[in-house]
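Both of the next two complexes hold subunit A, though its partner changes from subunit B to subunit C.
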Partner chain A sequence: MFKIYVFKGGIYRHDEVIEEIEDLGGIILQKMPMQTEIDIVFALEEPDIEHLEKLTKKLRGEVIDIPFGDMEIAIVAPSLSRHHLPHPVCDLSEFLRRYGSTTNIIGLARGYGKTIFQISDKEKRIISEHDAAIFSYGMFEECILIKEKEVRDFTIPYVLCGGPSRIDGIRNYIGDIGRKPGRMKSSEDIKTLERVKNLLLEMVEKKREDISNDPLMLPPVYVKRALEDELGLEGTLGDNPIVLHLDGVRVKKPFNDLSIKVADSIIGGHRLGDIARITRSNMNDTIIVKMRTKSEMGVGA
Partner chain B sequence: MKAYLDYAPMDVDGDRISDVTDSMPTQEMPFVLERKTTKSMLIKNRYEVVTDKGNFIIETTNNKFHDFFKENIEHFKDLKVQWADRNTVNFGYVPTRMEPTRKQYDYDKYSVLLGLSGYDKEMGVLTLSKMGHISRNGIEKSVFGKVTKGRHILDLLGTNDKIKDIREVEVRSEQYEYEVVTDDATIKENDNIITKTVIDVFEQCPFAVEHLLFLIRDGVLAIDKKNITYCRNDKLQGVSLPQESSLERKRGSISVRNAGKGKGSVFIYFRDAIEDKSHSVAGNIINGLELPMNLKPGQRFKIESKTERLNTLGLEQIEAEKITKRIGIGHERIGDTDDNAIIIEQDPEITMDAKKNKKIVTKGIDPNMVFKIRLFEDKAPNSTKYFKTITGLTTRQLGSLDVLVAHEDLDMIMFKGDQKMAGELAPENAPSNGSKKGRIGITNMASRQRGIIGVRFNDSEEYGPTGEDMYHTNCVGEVINFEKLRDIKEGDTIYLTFE
Partner chain C sequence: MMEVIVRGGTQEENESLRKLTEDTLKDSGLGKKQRKVIIAIDIGIPAFYMAVRFKSDVEPIILDNIATIREQSNKMKIQINQERYYDQVIEKLWSIYGKDMVEQSERNIVYLNKKDDDIKSIVIYDLTEEIRERTIDILWGILPEGFKVRHFKHFDDGFILVATDVPQMKEFYNTIGALEQEIRG
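Then we have the complex of A and B:
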């Protein structure tokens, strides 16, 4: 299964790194030259990375594993008002971006108040489009216990964050976050953010294992590159029109304009519409492509 | 004793490689012995569950719940879906001996577990978890497996569905060990002696196929670099190729890189790799992938293509006729049509095009107009590479040079080069003891006239074959029959082959 890495090194002889990645069957996702330095984001199968590192060490560069590089994660706050939003939500989002994730902050419409708290069906569908979610709740155990019931429906990996250090009887809980009056930059706070990351990583690894046991028809990184070529949607530093998911991609273009072209794209000898579910996203009318598994298609089951 | 030679069974008298085949492995070109270690291995604990909505696979771990499942598998074969909610699908009922509990546990997505309906021992259920959840399932930590394939079926199952069958999946995997042999080694019963690799080529990438067939024209391929995904040969690195239709690289695929520094390198893949525009897949290995997989960089192996290369450049017209007759395609001679005339042009030149066309046209010239050369590859590697690229001898048996300067009063002849390409041609193998007649010289990057190729008809202590002083000259080889070059005029093209 593909994993996402970033090469950080000099411009000098960086073309050799690109060629080696291509030779090993990897995919270049992004190149960011900065004067004499370059960052290359790429996808490569895990066993090959050892061989590539021999070359990058010779070139005095380094390869960094970005575990959430092929994920879109939702950071959910009860509301977007100042009562709930600053600062944990932004800190969580910023912290996960360091590990390659694309994060979307979502504020619930009816998220405030213990008794009236609810996540609407549309909000649930929006959150479920993501690969994982982090719910950032408040300071009170009783309140969190009530609000936790609403998140049990989610089938995606999720982490629940809140103020109390420990709450028994709820799944995937990390405490010591809650509402914060300032940035989470003390060593204690950073350790807490690390705990959130590690718990999420543990769950995501299980999901990756599930996917490798029942492989997708085509790897999402390959679908992303093929769609970029076919539809002329190559990204820039400021805009990434095709976002990677663990089991597909999100094409950030209007559904009515492009969904038929996406479905009719021939990738790896298959029509994409035949080997993936292509649906309208609930978020900004974008296109969601979820790859079917090989067993679902009757290939190598 | 029974043994195999390149997968072909044979009865052998003796236990040495020499008793099986005449050719012998060497340190440089070893053979590989393939030996089956166990007959087969049964991978257990995998079950295929057949339901009304489709099949799915569960993989189990060994614990007491798995033992119960296995012992009572006949009971489980007739179960119906009793209820299906957002968390689970439950098949019932099976009588159990499990102690009921009211404790709640955390269950992962796709877990397979046993439960009790209504905490009743007689009402055992097989539960499949559709999502991670916490519940009271009636039995303490009763997870014994996971759904690994066909998970989409879980969402389709409803209360009218039932299990039709549960089959143990037998996955038999044969284990082999490989021994690299470099001498007349002893073989055992049923050993497979792999002496060569057999390949087939694809029509989609004709230029890459031509490149590959030229590389393996001697029937040998060397491994220059190797890792777990591929091995590569860099002998033709630097040769430009057009971008052709890119295909998926499978295990055993042979691809040619068509862009970048590594263009012209040939790769053999040991694992699947996705398609890439910079790789043209020329063919795949039918037999004998074990050779490149087990050999080390620096070693070579025999390689044989099912498709013969059809390139008659440098051959006599009569030889070309014999080849075309053998293959069964038409042949037309033009130019000098004598039997002994040397072929300088073939139309179409590419093997795959020629076979598709079912006819080739060959243009011949007088054999006296073809010059035999010898190159000093060890002493002047970069100049040799430059010379081969300019003449076309990198990928053909017959090269050509266009005359730049030739005059009857001049003691030498000069040929056109490529000034841009010669920009990186550093001084090497300078004719320090004077320039000998017949030697081929190239003006190197130290001079403004870099890239020009020349041959001197008489020895000179002062100037090299291109009229430059010795420091500006790289000596790259010699023309064997150079005296005939005196008859060549400006504007002519000469043809070269290796002696």
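Then we have the complex of A and C:
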């Protein structure tokens, strides 16, 4: 299965790195030159990384694993008010972005209160479109226990964050977050954010294992690159029109405008519409492409 | 020094809310203006009670402090001596006597078209009221957001607030009474 990495090194001879990545069957996702330095974000099969590292070591560069680079994560707040934003929700979002994730902050329409709290069906569908979710709740155990019941049915990996350091009886919980008056920048806060990241990583690894046991028809990075070339959707630093998911991509263009072209794209000798489910997203009318697995298509592993 | 007391939740919850309240009031510059804050949590109902008492160490500014007032042919001549209060004096006189009764002949001279000895004690600016408004504004950021059913009881140097997400109940008023006694001493 492809994983996402970033090469950080000098601009001198970086073309050799690019050539090596492509020779190993990898895909270059982004290049960010900054005067004499360059960052290259790429996707490569995990077993091949040590071949690349032989070259990068020679060039005094480093290759860093960005474990959430092929994921879109929802950070769910009870609402978009000063109680939850920017602290701690934006702190959680920023921290996960450092590990490569594309994050979306979702403010529930009525996620606050104790007796009036709800997550609507549409909100659940929007959250379920992501690869994982982080729910950021408040500081009272009794409230968190009530809100946890609504979250249990999600099939995507999720982490529940709250104030009490420990709550018995709920899974995937990280405490010491809750309500924060300021930015989470102390060493204890950073350790807490690391705990969130590590728990999420653990849960996502299980999903990756499932995917590698029943591989997808095409790797999502390959589909992303092919769609970018075919439809002319090259991104920039500030705009990424095709976002990776673990099992597909999200094309951030209106469904009515581009869904047919996306479905008719020929990638790896297949029509994309035949090897993937292409649906309208519940979020901003974008296009969700979910790759079918080889077992679904009756193709040998 | 501001005293913040939180009770009703677990020790961790109380401490967490206490710290949030203290930090938020200090960051807003209102920490030094508060004498005492008591937060009582009843998570079962649920309801939050907040009792706040300000430090009332600043007297309100009355018209006599900032203006020279003289009777002049059945009118009162008010010469405002401090420029920063010009607007507030006129606004206050309009609200009490009506626009017809107030004439501004020069920038700092205002005539009231009647005799009134009580004019000297009109409050032009009350810092306590400003602190009250700013504290209430800050409280909305401290109290849980979903507790939108709110009831206030104001007194001279503070107030009691109950916030809940259920319709108001009689029990609230008993607790408000007890808190008022506690915070006013």
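Just so it is clear, the second predicted complex is superposed on the first by the 299 of 301 C-alpha atoms of A that agree within 3 Å, B and C clash if a C-alpha of one lies under 4 Å from a C-alpha of the other, contacts with A are read in each partner's own complex, and residues count from 1 in each chain.
Throughout what follows, contacts are C-beta pairs under 8 Å (C-beta built on N, C-alpha and C of every residue); 3 or more make two chains touch, one makes a residue touch a chain.
From a predicted model like this one, the values you see are computed outputs, not experimental measurements.
Applying the stated clash criterion after superposition on subunit A shows that subunit B and subunit C can sit side by side. When the two complexes are overlaid on their common chain A, residue A:Gly25 makes contact with subunit B while staying clear of subunit C. When both complexes are overlaid on chain A, the residue A:Arg171 reaches subunit B alone and has no touch with subunit C. Taking the C-alpha centre of subunit A as the vertex, the lines to the centres of subunit B and subunit C open to an angle of 160 degrees, rounded to the nearest 10. Judged by the touch definition given at the top, the superposed model places A:Pro181 against subunit C, while subunit B stays out of reach. Of the two partner chains, subunit C is the only one touched by A:Phe117; subunit B is not. Using the contact criterion defined above for the overlaid structures, shared-chain residue A:Glu46 touches neither subunit B nor subunit C, since it reaches no partner. Using the contact criterion defined above for the overlaid structures, shared-chain residue A:Asp285 touches neither subunit B nor subunit C, since it reaches no partner.
No C-alpha atom of subunit B lies closer than 26 Å to any C-alpha atom of subunit C in the overlay.
Listing the residues of subunit A that touch subunit B in their complex gives 15-16, 18-19, 22-25, 27, 45, 47-48, 51, 152-155, 157, 169, 171, 206, 210, 213-214, 219, 222, 268-269, 292-293, 295-296, 301. By the touch criterion given at the top, residues 9-10, 12-13, 16-17, 19-20, 23-24, 27, 41, 43-44, 46, 141, 144-148, 165-166 of subunit C touch subunit A in their complex.
Those residues of subunit A that touch subunit C in the shared complex are 78-79, 81-84, 110, 112-117, 138-143, 163-165, 178-182. On the subunit B side of its complex with subunit A, the touching residues are 55-57, 86, 106, 108-110, 130-134, 148-152, 227-230, 232, 248-249, 257, 260-262, 267, 269, 271-276, 278-279.
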